[in-house]
Every structure is written in C-alpha cells, then in structure tokens.
Amino acid sequence: MLLALARRRGRGPPGALWMERPRHQGMAKNTYMRWRLPLVCLLWEVAMVVLFGVFVRFGPEADAHWEEEKQKENVTSDIENDFYYRYPSFQDVHVMIFVGFGFLMVFLKRYGFGAVGFNFLLAAFGIQWALLMQGWFHSFENGKILIEVENLINADFCVGSVCIAFGAILGKTSPIQLLVMTLFQVTLFAVNEYILLNLLHVKDAGGSMTIHTFGAYFGLTVTCILYRPNLEQSKDKQGSMYHSDLFAMIGTLYLWMYWPSFNSAISEHGDTQHRAAINTYCSLAACVLTTVAFSSMLQKKGKLDMVHIQNATLAGGVAVGTSAEMMLTPYGALIVGFTCGIVSTVGYVYLTPFLESRLHIQDTCGIHNLHGMPGLIGGIVGAITAAAATEDVYGKEGFIKAFDFTGPYQTRTPSVQGGFQAAGIMVSLLMAFAGGALVGAILKLPIWGDASDENCFEDDIYWEVPEDEESDVYHMHNPDKPASP
Amino acid sequence: MLLALARRRGRGPPGALWMERPRHQGMAKNTYMRWRLPLVCLLWEVAMVVLFGVFVRFGPEADAHWEEEKQKENVTSDIENDFYYRYPSFQDVHVMIFVGFGFLMVFLKRYGFGAVGFNFLLAAFGIQWALLMQGWFHSFENGKILIEVENLINADFCVGSVCIAFGAILGKTSPIQLLVMTLFQVTLFAVNEYILLNLLHVKDAGGSMTIHTFGAYFGLTVTCILYRPNLEQSKDKQGSMYHSDLFAMIGTLYLWMYWPSFNSAISEHGDTQHRAAINTYCSLAACVLTTVAFSSMLQKKGKLDMVHIQNATLAGGVAVGTSAEMMLTPYGALIVGFTCGIVSTVGYVYLTPFLESRLHIQDTCGIHNLHGMPGLIGGIVGAITAAAATEDVYGKEGFIKAFDFTGPYQTRTPSVQGGFQAAGIMVSLLMAFAGGALVGAILKLPIWGDASDENCFEDDIYWEVPEDEESDVYHMHNPDKPASP
Amino acid sequence: MLLALARRRGRGPPGALWMERPRHQGMAKNTYMRWRLPLVCLLWEVAMVVLFGVFVRFGPEADAHWEEEKQKENVTSDIENDFYYRYPSFQDVHVMIFVGFGFLMVFLKRYGFGAVGFNFLLAAFGIQWALLMQGWFHSFENGKILIEVENLINADFCVGSVCIAFGAILGKTSPIQLLVMTLFQVTLFAVNEYILLNLLHVKDAGGSMTIHTFGAYFGLTVTCILYRPNLEQSKDKQGSMYHSDLFAMIGTLYLWMYWPSFNSAISEHGDTQHRAAINTYCSLAACVLTTVAFSSMLQKKGKLDMVHIQNATLAGGVAVGTSAEMMLTPYGALIVGFTCGIVSTVGYVYLTPFLESRLHIQDTCGIHNLHGMPGLIGGIVGAITAAAATEDVYGKEGFIKAFDFTGPYQTRTPSVQGGFQAAGIMVSLLMAFAGGALVGAILKLPIWGDASDENCFEDDIYWEVPEDEESDVYHMHNPDKPASP
C-alpha cells in the first residue's frame, strides 16, 4: 500500500498542478479542487453538526425513555417497535440510492469513479440535510426534530431526486457543483413535498411526482442552462465499454428488484404496504418485456441495446409510484408497465437526440425517459385511480384509510382528490422548472471548477486514476494524450 | 448519450443485416430478431394483461377490504399482516433469481450481456406466467386467483427452475427459444408441483425435487436434444476471463448468502422457518471446505479452480432443500454439505466431460453438478429424514405440524411419508425427461433464430456490443473478424 | 465447459509442478497446495461434524418442540419467534462479511480471486468454529450448545475480526496460513469476548473493542512478525486497476449501507436497536464528507484517492460500534464520524508509510486506519458515553435496561461502568498483541506454503487464472514472464 500510494503520488506532469492541459481549441479551465472542495465539505459538515446539535433528537420509539412510553401507550412488547416494520424496507431503499443509482451510472467507460463516488458524496450529504429540512416540515415538536426509521427512509427518498438530476449532468460537473445542487434541490424538494402532502393532501407513496417528476425536470432544466455547445469534443468518452455495461446492470437489477420496497416503504402498515409491493412487482415485470420488444424493433439490425435494458426496464416502477398503494389491481399495474416500457424505449431512440439537438438538453443518462415521462404518467395514473375510487372497491373503512379522508378532509370525494392529485403534478413541474433555472444559473458561475468540454466524462480530472493496462490501450487510441506522464 | 447512440447505430456491415457472416465451414443462420422477438414479447405480454384482468385479484391481506376482514378474524393490529413475515425472505429470493443466477452465468468472457440480460427477460416473463399457473392450482377461489406475497415467492421459485435449465443451454440459444422454454417449463413445473405437494402430500420447502431436480434434468434433456456436434468451433469463447470470473463471484456469493432465506421462505411460520435457515446455513458452510479441498486435490498443480468455487460451494444449499425444515439437526446438515461439496466438484472434473463426449450433453454451466446430483441427494435426504421422524424428536404437536399430518393425512406414518417423498423424486425426474424431450423437440425447429455453432457464446449476435479496448484486443486474436466495420 | 476445463488443465510448464520459478534473486518456495490444503480442509471439516454432532442442537425457538414450549411461555403466535426480529439484520451482516469484506479487498489488480475466494473460505470455516467457541461460552446448557439466529449473527461478528486481520496480510499468505490464523483468532476472540461481556460486564454491541480493535491489532502484530524485507519486488502488483477499484466499491458500499444493521444486530429489541441503527447512519454520513475533504486536501493535485473513499468512509461505523446503542444522540454520532473520517484519511497518507518503513508493519489494506484507530476511538467514545449516562437522559427503566444494571451489577454507577469499558479496551489490545505474536510465530514456520516476496499479490500462485486479454497485455509489461506457457 505504501508503495502503491507513493507510486500514485509521483505521477502527473510537474508543472500542471491545477490547470487542465489545453487541447484542441478548448480553453483550459481551473479544475483544481484542493482548497475549494475540502472547504465546502468541512464547512457544510460543521453546519450539520451544529444544526443537529440544536434541533435533532431521537423520536420516542428510538429514545431510551420508550420503556416508560410503552407503558403509557399500552405497548406490551418491544417487538411492536416500528423499527421492525420499516427497517427492512429502509435498507432496500438505501441500497437503491447508493448501489442502484451509483452503479447504474457507471456505464460510461472512463467515468466510473465519478459516477459511484460523487453519487456517494452527494447522497451522504443530502440525507443529513434532508433529515433537517423534512424534519422541520414534518417531525418538529417543541423545538426539536424527532427522528425515527421513517425519517431515514424519507431522507433517502429526497436524495433519490438528487441522484436522478445527477443523471442528467453526469460527467459534466465538478463535485462542488454537485454539492451546491444537492443543497438547493433538497431544500426545494422539502418545500414541494410539503405543498403536495400537507397543503394539497395528495397521496404519493412512491414519489412519482415528488421524486421522479420533480427530480427529472429539475435536472433537465439545470443541464439545459449548463448547455455545452462543444460537447462532441468528448464524444469518444460518452459511450460504454463491455465491463462498464455489466457494472451498470448491477445498478439496474438492484433498482428493479427493490423497487417494490421503495414504493411501499412509507405506506400505511398492513394491506396498504402489501398492495403497494405487489402492484410495483407486476408493473416492473411487464415493463421488461415491452422494453425488450421495442429495443429490438427500433434497431435496424434487431439487436438489443444495453442502454434500454439498463434503464427503460425500470420505468414501470416509476410510473406506479403514486398509485401503487391504491387499488390499481395487478392487471392495471401490468398495463402501466406495458405502456412505460414502450414510452421509455422510444424516448431513448427518438426523443433524447431531439432534445439535445433542438432544445439543447444534454441528458447524459436519459433521465427524461426513465424518470421524466414515466413520472408524469405516474402522476396521471395516480390521479385517475384516485378519482375512480369507490367504497365498493375499497370497503367503507379501507376507503377512508387509503386516502386519509379524515379530519378536515372527510368531505373530500374521489373526483376532488383526483383533481388535487393532478394539481400536484403541476406544482411539481413548476417547482422543478423554477428551481432548476435558479440552481442552473448558480452553477453557471465560473467558480466551481467544472471541466472544459473536451475533458468531460473523464475521471482523470478529479480522481487519481490507476495507470492500468486498459488505460494503456486507451491511450493508444488517444495519441494526443501521453501514455505515461 | 445522443452521440453514443448515433455512433452505435452506424456500426455493422451494411449488407449483413439479418444473416450471420458465413465463417469457416459453418452454414449461415438467420439470427435476425427484429420482428420475431418483439412479436413474441408483445403478444405474450398482451396475453398476460388479459389473463390477469380476467383472473388475478389481491388476496385478502393485500386488499383494501382487509380493514373489515381484520375485525372478522380478530386481527388486532396491522403488523400482523403476513407481509412483514414473508417480505424480507421474498426480497432475498428475488435477489437470488435476478442477481444470483444472472451474474453467476456472466463467467463466459463474451456472453455477459446474454447471461444477465436474457436471465432478466425470461425471469420477468416467467414470474407473470407462474403467478397464473400456480394460482390456478393453489390460490383459485370463486373464479379468481388471489395473490399475496407468498405467491410472489412461489413465482420466483418456479422461475428458479427455468434459470437452472438456462444454465445448461447458456450461449447456445436465441432469446425466443428461451421465452418458449420458459412458457412450457413454468407450465410443467406447476403441474409437477401440484402432483408432489397436493396429490402425494410431499414436503419440499426449498425445492430439492420441484426446483432443482426437475429444473436440472429438464435442462439437460433439452441441451441433449439440441446437441451441437461442432461446438468446438466456438471453444475460444467458452472460457472465462479474469473480470468475468469476479462478476460471477457476485452471483455465487448472493446465492450462497441468501440460500437460507430461499429454503425457509415458504415454510410454516415459527420454529419451522427458523430451523430451515439454520440447517441451510450449516450445510453451505461445510460445502465450501470440501469444495476447496477437492478443487485443489483434483488439479495436478494443486491450484484452485474458479469454476468449482463459483458452483460447487452452493451444492450444500440445494441438497438440504427438502429436509431443511425438518429436524435434520446442524450436524446432519454439515454431513450433507460435506458430501455435496465433494460430489459436485468431482462432477465438474470427471462427469461433465464424460456427459459431453459420451452422452452428447453439452452442459455449459455444469448444472448437473450443481443442481442435478445435489437435487437428487436432497430428495433422498428428505425422504430418509421424513421416514426417521419420531414424536420424540419433534414433540407431539410439532410432529403433526412438521409433516402436516392432518385431515386425510392424519393416519400417515413417517415411513409412509418417506415412501411418498421418494415417489416425488421419481415423478420429478419423469416430468423433467418427458417435458425436456418435448420442449427440446420444439426448440429444434429452425424458426427460432439460434446462432450457428461457431457463433455460440457471443453477445455480438443478439446485442449491440460497445467496441471497447478489450474487444479490440479480442479482435487481434480473431483475425478473420474485422476489428472495426 | 468441457473444452474450457480441458484447455485450462493443459496449461503450465510441465516440469514446474510444485515450485515457483525462481526469478530475480528470490529463492524459490514450495507453494504446492495439492495435499496440504485438502488435508487441512477435510480434517478440520470432519472435526466440525464430530463436534457439532456431540454438542450442537437447535435452540428452543428453532426446535420442533417449540409448539409445546410456546404454550408454557404464553407465546400466542408463531410470529413472536425471534427469527423475525433478528433474521433481516443477520442477512445484512452476512452480506457485509462475504460480499463487503470480500470485494473491498478485490482492489489489487491481480489478487481478486484470492481476496474474494480466500475470504469466502476462511469465513465459511470460521463461522462453524465460532458457533462452537461462542456456544461453549454463552449458549451451553445441559452439555449442549443451543443455536438460534442470534448465534449466527455472533458467529459472523467473530469472523468479521478475522476478515479484518486478513486485510493486513492480504496477498502475502497461503490459504493454509489463513485457515490456521482463523482457527486461533476465533478461539482468542471468543475468550476476549467472554472476558469483556461476562467478566467485565462491558457493553459493545457493534464490537468496536471485541471486533475492530482486537481484529486490527491482532492482524498488525501478525503482519509485523511475517515482515517481508523484499516486498518491493512485487510492487508492480500492489496497486489497483480501474475495474478492480470499481469492484472494491461494491464492497465499500455494502459495508457502508449495512453498517447500521451490524451495530444494531444483537442489541436489545425495541428502542435500543432502533437507536443503534440511527446513530450509525449519522456517523457514517458525516464520515464521507470529511474523508472527501481530506483526501483532496492531502493530495498535491487536489484529486480524490479511491483508497480513501473505499476505506476511510467506513471509519464512522467502526467508531460508534460501542456507543451506537447508547444515547449518543444524532449530533454526537456526527461528531464521531466527522473525526474518524479525518483520522482515517490522514492515517492512510502519513501513518501507513511510516508504519511500514519504521515499524516493519506491512499493512496491505490499511486496517490500522480503518479498524485500528477508529476501533480505539470507538472504545473510548463508548467509555465516555457510558460514564456520562444519567437517569435523566435514559429514564429510570431505560437506564437499567441500557447497561443491564441488574443482578450483581445493580449497584454499578455510570462512572464505574465507564472505567470497566476502558478496561475492556486494554484487555482487547493485550489479547491482540499476545495472540498476534503467538499466531505470527506459528505462521512463520516454513511449512505452510506461502509465496516468495516477488510472487506476492498474485493469484497465479494458488489459482487457475484464465489467460485473458488483460493478462496478455499484462505480460507485455512483464517480459520476464512468458505470455503463454
């Protein structure tokens, strides 16, 4: 290890410490992170410590006083603690955020460290900030935010929307930009979520609106503002390689398998959670078949494209995010998955090129196809399913429980609920466009250390990259880059 | 992404859209999937939607009417919903099917996309068809199939047997053939399972008979009928490479770690599930040591072979599939694992070559060693353990609960039960041979688009493969294939 | 498969069956494993079967007699079985041991098989021996060890300390040495654990002392005694390559995500487990940001180093191993994680080279930075947190429950408990140094088949390695090694 470290450190041209080498016509940019990145990380983490110290305490079921609390609330056994009925779902969601999103984005041939590493960084910061933001809105009692396992799930959900937006700008931003975006996006997410869940009293268990629609259109707005006209200079690095596609499949499969946990994680206990998992399972299964069908059909040679298999197969999970906990029924879920596999695959083939060439939206991972359109469909399906709800289908008590038609909402009818659901889509879109525009403008400031157009999609800018065999071969194909410095 | 897609699409010789280039003496085959594969996927998925619409509804614990149901059945709390006591097991099994089997088969150097991608496709279709088939046999009430989380586990189990059979024909079949095989195998699986569990009243919690024995001998019969006499033409692609072996270890480890969940997933709640997990854990641990011992011992140079470590270490889980929920005891489990590590490793070294050269059984993954023989052993161990059961060992009530000696079966003795268990092995074998012969004959029809002998084990036939460094090197070794079109 | 096997077997120079080729000035060593490794594996596994046969039985909740047991203990439902409240945690811990540690060590460019394969072997043996050793100390009743799911977790914990020690000697030992070390280390672990938990009545839920401090300093002592003065002869293999670093990130992320399960797995049910998970989650999140900050800050070019991201991000989990179940509070956990990310990263940059050059401690994975120092910090934080406990913070009953101040310990005060906690650190260190010295001396015997200095960090010594493209390129860089034998 010593030797390896020493060897690593000795690398690099001595005079080029903080400037990219100017290549082609591109202007050199200052991508030196040594003081900026540590400063941001340390200051923000100190702020987290202070804010947690002032505000965050254990919720009643995680506090040692629960022994007394239990007696007051007639809880007879420790195994009734909510930990046992949320924690397995939490861990599945946790895997989706860190391994699922992280590895899904490893598909780029020379950006694996950035994909999985920056995702790790922004998610680790994001969950702390989300605990605070969501805590102030939803778990604030007597001046304290009381956290339990459900808060951890919600923080992961919030960060999920940042991971989605990251997909649009993957390979084109510095880690500082990502942290700045995370700070703002988590804040806006919490506001949007509060409007939808508390003010509009909308149901959105799996976050078709709050997570996917918001995250995707936020990210697309940001990437549009950060438009790079000369991005084709790094086109040789925009593709995948054989093994990077296999790594990406790890991400895909974990997202696909655990999505039923995602959509059911914060639903009401009992039949609601049970149903949410089954609906999501069905939708995802159908989605795989139509994705394969259209991936083959839209290729002249009829071959399958890994990009579609890695992404469009997941659209079914996105699109039942709102309706999974409702009585969508298994065949309703199949229809949604069926449709979204098609929409998403067609999007990859036709819409992504169109968005890039006409609207200047450079969407690295195609989040518009995986989260944008399926998220909108999910919101609409949720509005329709809610509007179509009857006491006959849900049972008298189940009906009230499913839509929480209690207190001030006990007079709400299904069709009114459907209208509010539709309003939730609009609010999420507006927040995404406005927030994305604001954050995009901030990220455009020339102080964050992003790479020049010809150095995008390359780990070498921000990471110590081992000089391995593959990169040697790689250098053979890039004769303007010296093989060993 | 746009550019990457555009670049990909532009590849390939213009005149060779649907025919493999004739190479060597091999006859060119039509592997063009553009219309056939989409047609099969779309038609079958439409069929699923229709059948689900007619037949499938939520089971009582997943239906919104559960609020009323609870009161009738004196359920006092939502946390008594079966979701909480099956779902974590379900997710572990789900990971085994999609990541476990998928990545285990990635070991081939140029067939990673096919291994993990086709496994994904057939399993996603298979679980839908299995929900229907198993539903008609086991969960059919008033004209509806009522599904809950236990049905999802059983569907994954059923698909597990298809994944096993896929291992035998890996690299030699088209995706359409795999879908056809899945359709038939799931059907036959459900029939066989019904005969064993309902007619013979056999115990088979982890499926030594229904999943492993049936799946393995079904797959071996199919591959025997699809015998390719000139398969040595693609021998350069039949091996692994360094990183593909590491990917395969991901599959191995997830199968190994989660196997206790697999064998206990549908056992009775309480001590039965608890015991099934412990027995499986013990058997698997012992299996690793004897696999390593024999892998080293049977190599002239005493080196370990990754093929054995990836596969034979799992035989212990297969071989306690029937008896895990019985009072096999931890040391009994160790003995079973001990034995199967040896049997499986010896099988890889001596039996697989023999089966190929003498019986024309080309078994790509060696499923005979991992699922065939250990599955048979598992059936036999189950029969013996059942026959040896006494009220002393199980307790009076535990005895009845363990073998479900109730209703029409309350007069059954352990030795009679042992006899029925043995009959279950025979029935599974017969179903496997007969079904495999039928399906093999169907798959032999020249309409499914399988590759010629010299193009087996190669993703390039059915997948858009990135032209990366590795494949450049690869092409250097295959001078008859142009490096860049 | 046949052909692949046949091809593999035909490799290798015919006259070099059991001797490494002498290269450079190094002396050839006998690394032939063919009889020694099988003998050790088989004999030890037979011993396990015998000892399990004599001693191990199912615990009451896994035994078929539970049906009667339930009635005696007024258990009304099968879902009260402890299986449902420990098993999900067990599976998370299981993944950490086999995938987490296994893949974390795959970072070496040519030692992936050894890292994940030997870890698999030693852990599979270790858990069996740990079930016995820990069983004799903690679950021994009427001459029998009664095992339930909690025993499986504890066995995994015990093996975790061996995996840690393995990290120090990674690449430099034969599989037999690893098995010998496992045998002794598990034994010593169980003794140390007994002293701490039973004699000193110390709390150590996540094992900062018993697992991390003991495991790390044990491993460091062993590697110090096995010092290889000419290890720079294999320095070309001590680094990582691009894809091996990505594989290692799989290990990192699974350790990071599941660490809350690890630290809470054997805590008391209810608020204690709940709290342990939240504290760990917070500590780990903070740790990521300070690791990134210092990784960038300590590099002249300001680039991030994968070694730090892979390892130092986990230090926060180690360092709350003792205090996680106490009322550390979320901000306390953030502070611990904040500190340990810094300490660990600084350790990788400055301390590891120092230990190697001055103290002759060649620590391949840098376990001193990931487990040694954070383990000590964890012990100290635990002692302080215990000493600072008040009835006000814990509640009257929670206070007694948290520290188990019952029976002979009911008069213990927090400050006394803090003193005992501190004593636990000392005992663990002493056991580690003494045990490591003993085991190091045994492993230094020239009979175990370890490789010579220039052949360290190379799979080729103990594994059949496929001759793939990468290794062809690799051989180009190693002209003294023939490309194809």
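As written, the chains take the letters A, B and C, and residue 1 is the first residue of each chain.
The criterion applied here is as follows: a contact is a pair of C-beta atoms (placed from the backbone, for glycine too) under 8 Å apart; a residue touches a chain by one contact, two chains touch by 3 or more.
For clarity, every value in this text was computed on a predicted model and none was experimentally measured.
Matching CA atoms, the turn from chain A to chain C amounts to 120°, rounded to the nearest 5. Of all residue numbers seen at the chain A-chain B contact, under half occur in both copies; the interface is built from largely non-matching residues. Averaged Cα coordinates give chain A a centre that lies 32 Å from the centre of chain B. The set of chain A residues that touch two or more partner chains comprises 84, 88, 243, 250, 470, 473. Here chain A touches chain C in the complex through residues 1-9, 12, 17-18, 32-35, 37-39, 41-42, 44-46, 48-49, 52-53, 56-58, 61-68, 70, 77-79, 81-84, 87-88, 91, 94-95, 98-99, 102-103, 106, 112-113, 116-117, 120-121, 124-125, 127-128, 131, 147-149, 152, 175, 243, 247, 250, 462-466, 468-473, going by the rule given at the top. If you check the complex, the residues on chain C that touch chain A are 80, 84-85, 88, 92, 109, 231-232, 235, 238-243, 245-246, 249-250, 253-254, 256-258, 261, 268-275, 277-278, 281-282, 284-286, 288-290, 292-294, 296-297, 299-307, 309, 313, 327, 329-331, 334-335, 338, 348-349, 352-353, 356-357, 362-366, 393-399, 401-402, 470, 473-474, 477.
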